[in-house]
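Okay, structure first, notes after.
By letter and in written order, the chains are A, B and C; residue numbering begins at 1 in each of them.
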Amino acid sequence: MKWYQKEIRLPAVKRGFHLITDLVESQLPELEDIKMGLAHVFIKHTSASLTINEDADPTVRQDFESHFNKMVPENAPYYKHTLEGSDDMPAHLKAAILGSSVTVPITNGKFNMGTWQGIYLCEHRDHASKRWLVVTLQGN
Amino acid sequence: MKWYQKEIRLPAVKRGFHLITDLVESQLPELEDIKMGLAHVFIKHTSASLTINEDADPTVRQDFESHFNKMVPENAPYYKHTLEGSDDMPAHLKAAILGSSVTVPITNGKFNMGTWQGIYLCEHRDHASKRWLVVTLQGN
Amino acid sequence: MKWYQKEIRLPAVKRGFHLITDLVESQLPELEDIKMGLAHVFIKHTSASLTINEDADPTVRQDFESHFNKMVPENAPYYKHTLEGSDDMPAHLKAAILGSSVTVPITNGKFNMGTWQGIYLCEHRDHASKRWLVVTLQGN
């Protein structure tokens, strides 16, 4: 039984949905030691989130941004938490809807995802700084 | 410490929300070996998803389909990813909102869920083929 | 390798979003035994859910309640599952959108979350009773 845990600093990105599969894997040489296990990727923030979706066509990620802006609008009349900017409260809501972590199976030293799956960093703030992940790998 | 991992092929189903608890459990005789642990169920696709919800009344699952179609409509004017059909981009969005995996506690050889909880396969495409799961069991 | 699993009874709360980080941690003295690991917190219900978000300003949690009531309304004309009250079907939908579990990294005997992150109990029913969690800790 093996356990590895490390914090990974992501570069600051603009608001939107960004593929980070390769970046994350490149920081995890320990993956190769695991034949069968799980990878837990956690983001330590409340206005950015993680999800898994289509990694081939960039317009999918653009449509994610458009749809989430419609489904969770800025300046809704019922928002009370408005002091940190019009993008702040929607960011918290989007982060909760998408989630703060993804768990991916590991098989033979690699993430065992589908052909079209990739990990998205979902940046919901207009002017975000770098984001921290905690990645925990476990397995045999 | 025990680890089991297997890929399970689900039958093709029509668009909507479908209970798969019994089908998944029937493929996992290894569950009986685990007194205390976790089951991670992952779907290897970006237009279908997994969630846990009410397993008794079929109208709940019908209302899930109705509500998700309203909350994530087809043919939204802002969609750019439209070449794969009007059901495709909503399918990606619904999959991200619901999630690509569920993790369930294992206690005394069984899924330890609430009385009314079941695992849903959420099929978001009109003409989907069979779907693959990766199930990872771990525990003592 | 250590495993701990226990069921925790949460007090009945009113409909809305409630911070439970301290309450959960206070029930888990076993956390101190784990240098590196994961905590899985699962709710055994289909009309309440768990998420992780901002733990400082109470208006954030009020805005969560307002926004989810807008995004998943009561008495939608397409609901068929209406016999258990107008708050019931929205509760199931909100629970699926937010999710039935959160997984948090453990580092040096503590939850390794961001400065502003806390665990929310999301109570979606008007007159809910006490809720059960299953918490599973694992690590070295």
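By our rule, contacts are C-beta pairs under 8 Å (C-beta built on N, C-alpha and C of every residue); 3 or more make two chains touch, one makes a residue touch a chain.
Everything quoted here is computed from the prediction, not taken from an experiment.
The pairing of chain A with chain C is characterised as different-residue: of all residue numbers used at this interface, under half are used by both copies. Fitting chain A to chain B on C-alpha positions gives a rotation angle of 120 degrees, to the nearest 5. The centroid of the Cα atoms in chain A and the matching centroid in chain C are 20 Å apart.
Counting partners per residue, chain B has 1, 71, 97, 99, 103, 138 as the residues that reach two or more other chains. Residues of chain A touching chain B in their complex: 1, 36-38, 51-54, 57, 59-60, 62-64, 66-67, 70-71, 97-99, 102-105, 107, 112-117, 120, 138-140. Of all residues in chain B, only 1, 3, 5, 40, 42-46, 71-72, 76, 78-81, 89, 92-93, 95-97, 99-101, 103, 132, 134, 136, 138 touch chain A in the complex they form.
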